[in-house]
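Let me begin by presenting the structure, written as structure tokens, before commenting on it.
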């Protein structure tokens, strides 16, 4: 439908190049939820009929089980979902789902909803980790260990002291993520392509349905800035740096030379030629993934 | 098999975390080719029998059609391929395929073979692009255009002058990639986990079969450095920066205010609410992907 | 003094390599303030005498006018200040200034104090900028301008709408910086090299004197983590990204093709060969500096 | 002089912001050499008189001792040098030094000359390091050491094997730098602001005087691309990654737990509170500086 004006379609190679479908799979669920809330609001404000909203909601509901992993001609998940809905419920109702909304609205909303869930999951994991560290620290209140600076023994201390230092750092990560949550949890809908919409929509209503706490007031701001997303990625990058430091400590301490701790078989890999070895791959991977996140951080900031 | 020593297997979550299978799909083909060459060399040097080599080669050949996209319990493609071979041809022959070789050997080889192919493909594309630029420049030998510095009109020039400046930059990219090709195209096999192998293998033979031009002489160097891979990524990052500059010029020139060029429908996207618009997504994506590559560049270098 | 154990001194080249003096100039002032507070606390707790504290405070006060730009043999500003104090007031009093404190304490404190001041200065500038944007927006409530997506005209809007979108983004930057301020503004003193000190110091007292609001509780955390500093740099990087976007808009709008605005002579540079040109260097430099900060961001995070 | 058109001068704060003088100090020497060659060429082609060239060369020669560290009102070193020359030898001769040349020409040339010298110095250091490694390896042909993978003992090997692996990696760095040297060592003069100059200059002559091997053919390419500079920085970043790996090995091996090597006093720092400690600061700094270079790498590429 979008393509109606243009004489030619995007060529196959061009489409593969510009299509964001494979990345979009991660926001498909949020796009459906957002479309449901938007459609309900359109009905509340008499922009679409009872019959139309019924069809739209049913159609969207049925898409929640979809995996969206098949090859398509769509440029992105928003176009794909709309075309699937039109196929399911017809152009009359389906064609109205997108009323008073642009793809820019959808992208802005979907990213915010995705980050919100990611923060919740990450913070639950952080709390579990902090709890484990505290439990372990309790057991090791009298376990003596050298404290290191520059990898050289500096003072004598307790293992619990190390463990609690990790917990303190991770607590700050938790704090950071929840501050970001507040900044992300605002409703960008209504921004249109960039300058808003002349159709009398109700932003408060969609915000309430979607659990968003405030409005992004300026439509240009809503569609052209991603600083809250970058803030999220920065928070994750800092968290990863803290995890990397912990992993490095554990990795060195599990060498046969240091021998302070032995990793459980569940968390090590044997060598392909030396089955007696215990390789701390999982710790090393955490360190490797850290730089990946750290880079994506500013990568995103530049791309905006 | 690798797991035989360890009492417990990796937990499900741990396995998901450490498994590189989804990334490894890109090197599966090279892993099979490398294993075929390695097995032939083992036979040439009487380390395995004629019967064994026949089975191994046939087994590996049959895997070339495999897509490796199913869920597996394997940590990586090397382990997966070995276990599939053992399943196909039995432990007696299949178990010998890995003789005198470690996963470190395989990773080092596979990455080199993959980069080699990527360079060839990229350079073919570069040559096509340069050719198009030259053809277009020929047509525009008398097309006058302002030359810009700081986005301000500076001097009067020819459009062909701009087009050839792009071609010159891309030629340097081509040069860079082929210098890197030479450095990547060396045989790391025989390094073992890190210190080589005591089995009398023939590195010259595997190198010849795989089209590799020299030997990585030191086994520690072969397994622990990836600087040639980073060099490749740096070359790609620089190429992307050049493409980004071209994209930016075209993007600005295709605004209605500049109006120097109009992008073909095949290379633009309409807006979801304003079908008359021609959005130069493809140019913008090239700019976006540039920073992605630029970052991965150093990302990789740090992760080593 | 630090060098007393080691038979040999650092060689000249080594010293040049490891010395942080030129970078440390930025924290010298905070180091002096921190040393004054520390010394007063030592006196309050009868660790040093009235006579000693008098001499130390006077010595430190006199150093506040120092520029620290001469060549020295010191590895860092902490060592340099201590040696200057000992020279000024003698080893008896001067040698006690460092009691119950390590360089790690000082570095951690100085960085926090420096960031605190930087945040205050930056936020004042942000408020000024926001105010200017709002004043300008008021004047342009009826100035019509195209709203652009993908650099293509998308909708018709008001110039004030653009200006307020910038203000909204900068307000978020302000918010971010003040959250970070709170996290930075804690007292790390007392951590010693890593495991604390056995001398009965009073961390509450030094904190109060220096305007710090809380304590970094764990000494390992205090000396080995810099995540709050990285958070600060991330906030600055995000701010710079917002400024970069504004600069890009202004840069394009001040081309002769767009001609929406003309930069004042005070903010443009002429060309060396075309004096009639107005080059928006200042906008371009803001864009250039952005990537610099964005990179330093994660640079710091990795170095920790 | 540049400022003549503009009614107002740059404000003080603006000037501080845009001025590159403090960075430019590093290229001042090359700017003088380049100006001398350019002036001689102008004389050779009868664009300036014998009397004028004499004055210009003498003036420039006298500037070679200048430190350029005083506060100035100049935006950059090119403007500063020109104004100093005019002050010294008068506007009649001094004003002609810049004939047929723009600041863009100068920047492009100076960067290339600076990189050329940097490569020579770096490669000399690399050769010295490689030689030391080989000499040390000779001594340790029978020194047994564990070979590590994942920081776990993997095989038994020789210390010389490690040392030579470092030498091999550094040799590749040397190779990379000299390939880059060739690409950097071309003459960009004659490009003017972007579109060349109509004055009949002789690019071959300036190139010969300055030891440059070829011409950058396209003037737009000469002034708008910096890919060879980025290539240089990428090569340095990769070198630093190799040095970082060596530093990490030495750092771990010099712990009391590993105790494979002891750093000389000349290369370690004592703790401020524990004078018996030997901190491998110099190794850690190399690691820290690595990420700095790695980041600047792509930083530069984005800024272009």
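By letter and in written order, the chains are A, B, C and D; residue numbering begins at 1 in each of them.
FYI, a contact is a pair of C-beta atoms (placed from the backbone, for glycine too) under 8 Å apart; a residue touches a chain by one contact, two chains touch by 3 or more.
Since the structure is predicted, the reported quantities are computational estimates derived from the model, not experimental observations.
> Among the chains, which has its CA centre at the largest distance from subunit D's?
A
> Considering B-D alongside B-C, which chain pair is linked by more C-beta pairs in contact?
More contacting C-beta pairs are found at B-D.
> Whole-Å distance, subunit C centre to subunit D centre, using C-alpha means?
Centres of subunit C and subunit D (C-alpha means) sit 27 Å apart.
> How far is the middle of subunit B from the middle of subunit C, if each middle is the mean of its Cα atoms, in Å?
Roughly 41 Å, centre to centre.
> Could you grab the centroid distance between subunit B and subunit D? Build each centroid from C-alpha atoms only and quote it in angstrom.
One centre to the other, that is 31 Å.
> Show the residues in subunit D shared as contacts by 2 or more other chains, in ascending order.
Touching at least two other chains: 149, 154-155, 192-193, 271, 274, 278, 281, 291, 295, 298, 302.
> Any idea which subunit C residues touch subunit B in the complex?
Where subunit C meets subunit B, its residues are 149-155, 251-252, 254-258, 271, 274, 277-281, 284, 302.
> Using the touch definition up top, name the residues of subunit C that touch subunit D in the complex.
Listed in rising order, the residues of subunit C that touch subunit D are 2-11, 14, 17-18, 75, 78-79, 98, 102-103, 192-193, 264-276, 278, 281-282, 285, 287-288, 291-292, 294-296, 298-299, 302-303.
> For the complex, give me every residue of subunit C touching subunit A.
Interface residues on the subunit C side: 104, 147-149, 154-157, 161-162, 164-165, 168-169, 172-173, 175-176, 179, 183, 192-196, 216-221, 223-225, 227-228, 230-231, 234-235, 237-238, 241-242, 245, 291, 294-295, 297-298, 301-302, 304.
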